[in-house]
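Next come two complexes, and both contain subunit A; in the first it sits with subunit B, in the second with subunit C.
Let's turn to the complex of A and B:
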């Protein structure tokens, strides 16, 4: 690939004598891998760079959530009954800070109504939930997608049929329905033990997201493998007796880097959005801070009219993170897809 | 063709059987004691639990229970509760001991609301989406096209439920630009009330899906405009407008219709956010409320109905595709 592009650049250089032509030619001949080319295009893309900076900011805040809340001396947990009573008014709204009072450094985003939990801590830990869940689910579904795709593309006969049937089966079930099924089961099992319930809810959430997120990648990889396996280098490897497993790993996988990276970067926003959405419906995580759950609580408390900051903080969190991830994902796809590469 | 259809129907039935069996197993074996969900305030004596289990048939082997359930779906059955015996008509999806109602008629009552949302939104995104896509394709590369492209990219980047939530908060609660969203039966009660109550839900869900349909129809329209027969039509001296709308659009619509067929079931199954945010009493909202009450028969019936829609629409799409596109042979 790099050789042919260097060849194309030669005539242009020859037509226009330029002192830097020699160095330009050298650079071209040095050759860059498709991944390097894509990365360079991404670095030049201003939207992508801006989005990446926003995402890094969110990740840093999420990682440092325990440190920040410790330094600030705030907690997302509900304080004891006396503290709640002494810090909230008769209508449940906090006495200090917004919406009734002015901004205080003690609680920059205010206290939540009725339970007097610190909103900054809720927000930071919500970011942790969002990014953590999305990351784990993305990694898990990528691994499942690669494995099933490789098998589906390389297998013949019954195994191929089984893989295809499985992909179509999972594609035909809307994931939200499975989340609907799991929610009452998890509550039925662990409803009486709050600690275990939270763990079980995280587990079932990760299960639903990863089990219903891998199919697009598996299809994509299967298609690529179907065309790659007829290529000479794969045939050659087979002729000299390389075992199938090694062919898959050493010969095919390196050729599938682009679709895997694109899938990864487009899955992250989907999962962040799904996590918050399910929490908003009350079928996600309930015992641990989550932006979606705060939105739900705020809506129930009529915060739109009485306490806008409480509602807007999580909404803006989801909005900024998902939009940034989506736009970065689009840029990554443009950079890695040879059809749209500029 | 007939053989293909038969195969698809059989495999669809197998998928639904698998779904229903998994549902049945996880609900029967899942929660520590399903019967406990039926005790008032979750407290029962062992004796009461025993009676409930016998009433629900939970003391029988799992496969036998499942057999009874499937028999109820295809042929109806009798549900016994103590001395009471209730006829559960086809398709019997069980009895809700929380609501003291048969599940099937109960969900049938809620179905028109869900269907209204999905149908109305489809009208919006099919008309607006295809129209904008065609305009975009005919102005390919011009500022108008690039503007529309940029806008749709940004719009798809925002999660749907946030768009819906903000639309509800501002357009209904704050500014009162739209009437309060609700479901009113169009024929039994008031047609205008139905239209007013659903309007915002249609627009928001419809415009959200529009962005995707702009992309699909723009893509297939651009492809169709490059075909030889379009060049021939131009060479004959037809106007650009006529070529685009009569010759190219017809071919461009085929893939769009396919995607629509696949989407429709998903929309129908996924109106849960719309129903929740706009407070429309449909099947999705009902399932959501049933979770809090641990009303398992309602939840499993909802999921089974949704899965049926997806399976049926998959088959319909494939058959319609073959009918629309002469190159596809089944």
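Let's turn to the complex of A and C:
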């Protein structure tokens, strides 16, 4: 799976500010920034609003996971051996709840095969992992991307070469390979400390996702900066002796808000799928629920035939979240792009 | 012998029956479920008079291609190195003949040791220190040349070359003359005094009495290898010269193996094998879910397919309904080896036996109670000659978990909160699940549970490293032949402590135990030795509790509707390959 944002493949022309459109709009609606205009359009976009509601719902469920599981009296943790034996049949399939028992409100999504963990709790905590990892990785890669992009675009000489070389270097590293190599190293280091291991796995997962997610944004920003830095307002600032740092922050960054927001919204879904994919391959986090792990386990247990609910719950979770994030991301891009503004 | 899953060392052949794996009945609501029956001999029977050719399998027809799928892959198919259950079964069943072999008796469902390339089961001198095998007439390689006694002698010498050809059986070093000094033909040349040939006779000399030689001679390392063809020992295993009914057509390590008929094989010289199918197609490293479904769906090629990977529990019901499930035993005991140098208090070791969640760990680990795992008490699995039935700790029947008893013992020992460190594989879901249940149970019993994460690639090295920060190592062992002689000297001998590769994973070293072992090895043979091993098992289990036995093994294999002649080779826990045929 690739984590480069497909929607940003050719972003430079889509996002190039169109001064004529801006001026035209400014005349009609005085005093509204491009961001405000975009937000206005988003509010009118029914797809975007629906997706936003779905995403908010997911976030709320993820945030409230401990509360909901506590209220429901369920837990994702492995029950005692006696409970495992009394809740599952000889072949590991649960006899409490589907597929071998009747539906029960105590475990509305059933129990997991072999370990008899509650699927509702697994799903809710899986949503936490997915959204949490994707959010942190997106923020981290956005920050790295902005910083490197600004420096790469504004610097000259050796620094520029170094930055460009770095971007290309990271683009050429095979993401999956690094993830595959890193997982056993982390296990080797922290294998004997179960608590630290989960933390280290989270850290390495975030590291891999962030380190391989920032390059598209950096390139995009650098392209923008290259064209902006020759503009009059930048040159004027330079002439009156504004420090470079302030020019970057005050003059350039505000002009880059649109591509950054678009990148951010389109990165989220790719990170959600990447996290699930890595967990499915067994190189994500272990010892904490995630949708990818549940899907992997369901596939191994032949759940497709014997216990579809166990397989479909996390798949639908990933699917709904990724589709909603993607559609919202598309809507955001459309809203910020004067050419596609409706 | 080692189990096919690399993490589990296995010794294959218990010659007696893996009997008594009667299973605890499992869950109450499926009492009609097929389980392992009582009885069984795991190859302990012998028939020196077996005649060639082998009697036809009832209803067998010729022709067709048999597909064999597995989720694992043999590391090597070199006859000298084949020491895993799968590689041994494939090579001995179809490709390489050896001095002796096991024959499947369809009536009793037992494996019986019979002569193969030799005319009988070997003639031993009175002190069991010299064994003579006589080669049959009319044996040929796939290229049409005659098999000579010198070739068998060369194959035996070759099996001393553990540096060039690692992982094979290691009894040469323990029992054979100069076993500790001769390093094989590649380093020390052809000049080895332990093997002599004269005409068709091959004489093997021992350093210490070796009553089980006839069983040991059934391993593929006792085949015939012409020295002239063995120019590169690394590559020989890619296309070993066939003496059996099938020969290599193509072999992709880790992926596939195609066997076709060997027209030089003469059934009139073979007591065990048949040549029904035209071709065998092995597919290794397959996805378990996929291969289970291919066979259960029974469409197209699935009809002529058999899996040697045991069926996943979740489709067991479906497999049984299809009527195409073969279950059988495996002479294996799975153990938690307690590091006796780190857990020195016997009360703590006993507490572990009460704390271990036997049945829940089978369920979580993907084993079917009463089918692929059965409660274990003695270290020797059922079917081993001379095995005694006993409980190492009174009341512990191999499936009872009693945290209260464990707590009481820990309290007596003053070791509450004792930390247990054992490894698991993060990339194997079954291993992770079993770990969860084990951790839960240990904590409930008053231990501190610290599972140590490893991966499939690293767990073997970790478990073989005596300096690793572990005090429990989890592994299985299977009989190489059904006597304690293929168990205790190989895995619980004090002399092995400190050896490279950690063969004695319990670091078990007690003067009185080692003394008894030496006495059995040096002075006893035959039934006396077998019985002595049975008593030895009881002695160390009840006095020292060096391991927690966590289950005996079994297999449940599915096959397509057009595969006939399916039996379980209970020496190895594999299909009886040479009896298979494609139904018309």
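Here is the rule we use: the second predicted complex is superposed on the first by the 312 of 342 C-alpha atoms of A that agree within 3 Å, B and C clash if a C-alpha of one lies under 4 Å from a C-alpha of the other, contacts with A are read in each partner's own complex, and residues count from 1 in each chain.
By definition in this document, contacts are C-beta pairs under 8 Å (C-beta built on N, C-alpha and C of every residue); 3 or more make two chains touch, one makes a residue touch a chain.
This structure is a prediction, so every number in the text was calculated from the model and none was measured.
Visitor: Would you sort A:176 into first (subunit B), second (subunit C), both or neither based on which partner it touches?
Guide: A:176 contacts subunit B only, not subunit C.
Visitor: Which holds for A:319: it touches subunit B only (first), subunit C only (second), both, or neither?
Guide: First partner only, subunit B.
Visitor: Mind working out whether A:286 is in touch with subunit B, subunit C, both or neither, as first, second, both or neither?
Guide: second
Visitor: Once the shared chain is lined up, is A:188 touching subunit B (first), subunit C (second), both, or neither of them?
Guide: Both partners.
Visitor: Contacts for A:327 in the overlay, against subunit B (first) and subunit C (second): which applies, first, second, both or neither?
Guide: Touch status of A:327: first partner only.
Visitor: Given the touch rule stated above, what does A:297 touch, subunit B (first), subunit C (second), both, or neither?
Guide: In the superposition, A:297 touches subunit C alone.
Visitor: Could you look at A:269 and tell me whether it touches subunit B, subunit C, both or neither (first, second, both, neither)?
Guide: In the superposed model, A:269 contacts subunit B only, not subunit C.
Visitor: Is A:167 in contact with subunit B, with subunit C, with both, or with neither (first, second, both, neither)?
Guide: Touch status of A:167: no partner.
Visitor: A:85 in the overlay: touching subunit B, subunit C, both, or neither? Say first, second, both or neither.
Guide: Touch status of A:85: second partner only.
Visitor: Kindly list the residues of subunit A that each of subunit B and subunit C touches, one partner per complex.
Guide: 183-184, 187-188, 282-283, 299, 304-305
Visitor: Subunit C touches which residues of subunit A in the complex?
Guide: Contacts found on subunit A: 78-82, 84-85, 88-93, 95, 113-115, 183-184, 187-188, 190-194, 197, 282-283, 286, 296-297, 299-307.
Visitor: Would you mind writing out the residues of subunit A in touch with subunit B in their complex?
Guide: Going through subunit A, the ones touching subunit B are 169, 172-174, 176-178, 180-181, 183-185, 187-189, 269, 273, 276-277, 280-283, 295, 299, 304-305, 315, 318-319, 322-323, 326-327, 330.
Visitor: Provide the residue numbers of subunit C that touch subunit A in the complex, in ascending order.
Guide: 26-27, 29-30, 33, 288-289, 292-293, 312-318, 357, 359-361, 363-366, 368-370, 401, 421, 423, 426-427, 429-430, 432-433, 436-437, 439-441, 444, 450-455, 457-458, 469
Visitor: Give the list of subunit B residues in touch with subunit A in this complex.
Guide: That would be residues 15, 18-19, 23, 26-27, 30-32, 34, 36-37, 153-154, 156-159, 161-162, 165-166, 169, 173-174, 266, 269-270, 272-273, 276, 287-288, 290-292, 294, 296, 299-300, 302-303, 306-307, 310-311, 314 of subunit B.
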